[in-house]
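Data first, discussion second: the structure below is written as structure tokens.
Chain naming follows the written order as A, B, C and D, and within any one chain the residues start at number 1.
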Amino acid sequence: MTTVPATPATTPAVPDAAHARDLLRDMLRIRRFEERCAELYQAEKIRGFLHLYIGEEAVATGVMRALTPDDSVVATYREHGHALVRGVPARAIMAEMFGKATGCSGGRGGSMHLFDTARRFYGGNAIVGGGLPLAVGLALADRMLGRRSVTACFFGDGAVAEGTFHESLNLASLWGLPVLFCCENNLYAMGTALVRAQAQVDFTTKAAGYRIAAHAVDGMDVDQVAAASRDAVATVRAGDGPMLLEFRTYRFRAHSMFDPELYRTREEVDAWKARCPITTYEARLRAAGVIDDAAKATLEAEVGREVEDAVAFAESSPWESVDTLTRHVYSEPEPGHAT
Amino acid sequence: MTYREAVREAIRKALRADPRAFLMGEDVGRYGGCYAVSQGLLDEFGPERIRDTPLSEAAFVGAGIGAALGGMRPIVEVMTVNFSLLALDQVVNNAATLLHMSGGQCHVPLVIRMATGAGRQVAAQHSHNFDGWYAHVPGLTVLAPATIEDAHGMLLAAMHHPDPVILFEHVLLYASEGQLPDGADAVSITSAVVRRGGSDITLIAWGGMLARTLAAADQLQAAGISAEVVDVRVLRPLDDETITTSVRRTHRALIVDEEWRSGSLSAEIATRIAEHAFYDLDAPVGRVCSAEVPMPYPRHLEQAALPQADTIAAAARAIVGR
Amino acid sequence: MTTVPATPATTPAVPDAAHARDLLRDMLRIRRFEERCAELYQAEKIRGFLHLYIGEEAVATGVMRALTPDDSVVATYREHGHALVRGVPARAIMAEMFGKATGCSGGRGGSMHLFDTARRFYGGNAIVGGGLPLAVGLALADRMLGRRSVTACFFGDGAVAEGTFHESLNLASLWGLPVLFCCENNLYAMGTALVRAQAQVDFTTKAAGYRIAAHAVDGMDVDQVAAASRDAVATVRAGDGPMLLEFRTYRFRAHSMFDPELYRTREEVDAWKARCPITTYEARLRAAGVIDDAAKATLEAEVGREVEDAVAFAESSPWESVDTLTRHVYSEPEPGHAT
Amino acid sequence: MTYREAVREAIRKALRADPRAFLMGEDVGRYGGCYAVSQGLLDEFGPERIRDTPLSEAAFVGAGIGAALGGMRPIVEVMTVNFSLLALDQVVNNAATLLHMSGGQCHVPLVIRMATGAGRQVAAQHSHNFDGWYAHVPGLTVLAPATIEDAHGMLLAAMHHPDPVILFEHVLLYASEGQLPDGADAVSITSAVVRRGGSDITLIAWGGMLARTLAAADQLQAAGISAEVVDVRVLRPLDDETITTSVRRTHRALIVDEEWRSGSLSAEIATRIAEHAFYDLDAPVGRVCSAEVPMPYPRHLEQAALPQADTIAAAARAIVGR
């Protein structure tokens, strides 16, 4: 097994082969999907802001594994991976990024605003910290309606400085609501290093200020993410109130497509790339005999097909007609229902 | 019955009728509401449905949005519109936007009630009126009930609306008295209403300004001028039809708006009148608004800053020319 | 010495007699001033909202003692006491509450907006939590201009739930700014008990989330307030970054003049009244021989004269002319200075 | 030189001229500014004066206000106007209000710069334009430089202003090129300016809409219509004089405003024109504004939502009647 820096010696043994392969597949799906997105951005098929998750795939992959279809997800503008592993079809996501009518948000949202209520995927929020209150409300609804669902709420280290973080964690804890707060700490908010944004960089200390249990998790190790998430979701689902997991991870690419990356060194990026969640996990699975060259090739082929199918679908999908410009500003009367 | 009681009665009916309905906000429970609107409701519905919140406007308004997404029918009370700026991002970027941004998937059936307006000598940070700001935002429906019946019926109607509704309750109205007709129910939340017929000029007002505009109409009557009074009451979407129809008949209009003049809703209404009835107008549309000053504390200055029956009547007479 | 509940055995001995008498005098000045305000409210001389500080006098009195004239103060809408012991003349405060032109804010602000920049008293902020960012900025200015001043920022327990609390404490600590955060924890925010507003009621835990040193102080004991403030101001002034003091206190009166007080019991109020900061301190000084009946009578007389003088001044002061309504919306050109 | 460089140059001059001046905001330092405005300034002025902040809009805008009270001359960059809603309470209730509320004691010489506007396919939460909202607030001065010279000179002028100034920099302008005249200095922050003379109609625009309005004027010229173009550039207080003078001469006016139509600044301008020049108007004042929809992502919908040279020209022709 390759050694991953800062990973405790007690890395859990690979649990079961099918499960492990699924985790690897999901991470790979995100990676290949987003690599293709970057190309499509250069080709001007995708426009606006594009925030890649490359390097952080273990986090969404591990957390989503712990959720059931009845659970809810709230994410940020860096959410392609989350949508994909939550089960939103790659076609619908890619079409959305093209701005096509067949996109998961009807083409209105684009990269930053992926939605799929059937999968309880509530965005795609591009105001930093703006999703946290929504997650509290979704959990409140679950509680009041007697549903035993959990709401997983993703946000970055940068969001921790926002007032909504504070207000939302307090509210969730005060009311004992089933929210799993998932902080994706990739050490930067755009170009601002964590140490230049936070007086206290240990987020578990912050959680204590709300009487919320919190753990820091190696976000580059999908097994650890999955294990920590499974335990946390179980606790939250049991009604013991919210929890916070801080996933220590790193974004390999620029913040968005316009970022000259003046704020970090090549060396730092390379050191983290050496901990790539996919290559390290693949190596672990190979060492454990769970996959081999052939299996990997099959996996890559499958993933490649999914991505290319999504691109073809997006390409061939129609645009929304301009006549519909002001649709969905207000709800449309339900068929057969007088207003 | 007071306006305050009419609102309370509507909340009670809404909560009785729909188990998904609940009220949340600062001091709505044990305190009974800053303006005593929810007094007694905690006893009837319990702390889950009459839910006191911490001082966290952004979070509890956002939680109301999330709860609406999750299938509830929240009524969120923001104690006063002054504090709503702290939650404005949630209202603009989530409540009003989610439906469109999600391609029609995310409905937000949320009612946000806020006390609004000046007149109680609570100075610059507690006397705002942002009617026009909220009325600017696509996706919102914005209501300003000025009567007992509307206070009751607009809230009931809002509870059946599939999209976010902002309800402004003017602080000066809470103690006003009136009759709630037997069997009073939801009222229109799409139309303005003519409160008094007249032929020489149309006075246009809503919310806290309606009563003094009606008083001005009385003064005008005494001076031989017949003023029609339109209660706008739905600030978004505006009911152009009712307003234009009246102005086409009277050929003159005066808008009374408690907001600071520049960039107030009065400007939108005046502009629309000009757009729809320019050639019917015998004079430019007039406006009586508040002075452009953070509200001063002393009564004489506050009253001078606000539209008054006298100043409304005087402005109307200047337009009518007698 | 009378025992004050919850006061540690190590209550500092009364330091020096003059100092002690000054503290008692300042608390009494606040009490008598505000008792008069309550009457004047009934008499409709004072209007709008009126928030009395009665019961909490030890806090402002003790903190202000620790400040120099170069320090700055930011307070809330419950700030008559703070203004008074900061040195704003009682006349100017009372005139302000009458809305007269001679008021410390020219009559524009009223009870909630007392200002006096000559004494670096920056309000009088009536948006809960709204003053904290201002305090951070005042401290930032001091630091950037090389002044060794401290900014004392007062706020209630209710404000702790606001996003601005979180953002401001982080910013102050991150930048090592000289702010003394003074939380006046009177257990209620209007009618909402602390336990119904905060998941974590130990505020020192919260401060740790910002790497801010914090202490809880018996806010009913002016000696303890003064001692804790002296130490904290010295630390902050030395450049060790901000500190938080949580003063445990209680408001004896209603939240404002419109409050039916449905949310707390008579017994609870009476138990706290038994800890009145003035009567307990007076008893302590009597026991220590620092004051006697005659001294107390003199004190009361002096204070009474100050209050009555202020009322007479306010009564006889002129109103601002209505012509000046829109003054002070923009700065007036300085004399002899072209715009 | 680009608009971006012109703003940078003004910041540099301001910081060199006054040791109390500093720049603070998200990513203004090491990142070089979200729109690269402040690139290089960190090296020249160091991290105390080019100050990166955490994501805490309310706190750092409020800290800017406090620092101004404390004797500094802060320039606060709010990355985009979209995020400024999080700080709006501080702007309205403190920056704009402290002077009045303190009876003239608390001056807040603060400059807040924000990127604004749509057109880059960044969808509903990143495409706002709140020109009218800020222009509604007494105590603020609101500027919208549309040219290189104004981008530079208005910022310099703002630095000498004793009260809070909001500066809107439209995202589409940053890359625009132009000449900054030798010795360019502060420009007026009280007056609008006629950018092109004409006699048949007055087109009124500012900020991001100016260029396309000038393009529309070219189109109109080709069709034999002589359009005057007024660049409002000072959104509060509005320069009625320049606008009214032009309209009195052309007898027709069309306002181009990137905001959602209802309750936009265009309404205030239209209303004032009617108030000041009603009897000079040959037609109702026209408006071309954005569609009332949270901005959709795809280019064809975004462009359809926004005023365009073609739609402006067409609206002008409809007013002129040829």
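Methods note: contacts are C-beta pairs under 8 Å (C-beta built on N, C-alpha and C of every residue); 3 or more make two chains touch, one makes a residue touch a chain.
On a predicted model such as this, the values are computed, not experimentally measured, just so you know.
Q: Touching both chain A and chain D: give me those chains, sorted by label.
A: Of all the chains present, those in contact with both chain A and chain D are B, C.
Q: With chain centres defined as mean CA positions, report which chain is farthest from chain A.
A: Of all the other chains, the one whose centre lies farthest from chain A is C.
Q: How big is the gap, in whole Å, between where the Cα atoms of chain C centre and where those of chain D centre?
A: That pair's centroid distance is 40 Å.
Q: Cα centroid separation between chain A and chain C, in whole Å?
A: Roughly 46 Å separates the two chain centres.
Q: State, to the nearest whole Å, the distance from the C-alpha centre of chain B to the C-alpha centre of chain D.
A: Centre separation, chain B to chain D: 30 Å.
Q: How far is the middle of chain B from the middle of chain C, if each middle is the mean of its Cα atoms, in Å?
A: Here the centre of chain C sits 36 Å away from the centre of chain B.
Q: Identify all positions of chain A at which a residue touches two or more other chains, and write them in rising order.
A: 107-109, 113, 125, 127, 130, 161-164, 167, 170, 174, 196-198, 326, 329, in rising order.
Q: Would you give the residues of chain D that are in contact with at least 2 other chains, written as numbers and ranges?
A: Only 54, 56, 58-59, 82-83, 86, 89, 93, 100-101, 123-125, 138-139, 292-294, 296 qualify.
Q: If each chain is a node and each touching pair an edge, is that a line, ring, star, complete or other?
A: complete
Q: Going by the contact rule set out above, which residues of chain A touch chain B in the complex?
A: 72, 74, 103-109, 113, 115-117, 122-125, 127, 130, 132-142, 144-145, 163-164, 167-168, 170-171, 174, 326-332
Q: What residues on chain C touch chain B, complex-wise?
A: Answer in residue numbers: 47-49, 99-100, 107-110, 112-113, 125-130, 158-159, 161-163, 189-193, 196-198, 259-260, 262-263, 319-320, 322, 325-326, 329.
Q: Spell out the part of chain C that touches chain A in their complex, as residue ranges.
A: 161-167, 169-170, 173-174, 196-200, 205-206, 208-212
Q: Which of the residues in chain B end up touching chain A in this complex?
A: Listed in rising order, the residues are 20, 22, 48, 53-54, 56, 58-72, 74, 89-90, 93-94, 98-107, 138-139, 141, 162-163.
Q: Can you list the chain D residues touching chain B in their complex?
A: 58, 82-83, 85-86, 88-89, 92-93, 96-97, 100-101, 123-125, 128, 132-133, 135-139, 236-238, 259-260, 262-268, 270-271, 274-275, 278, 283-285, 287, 292-294, 296
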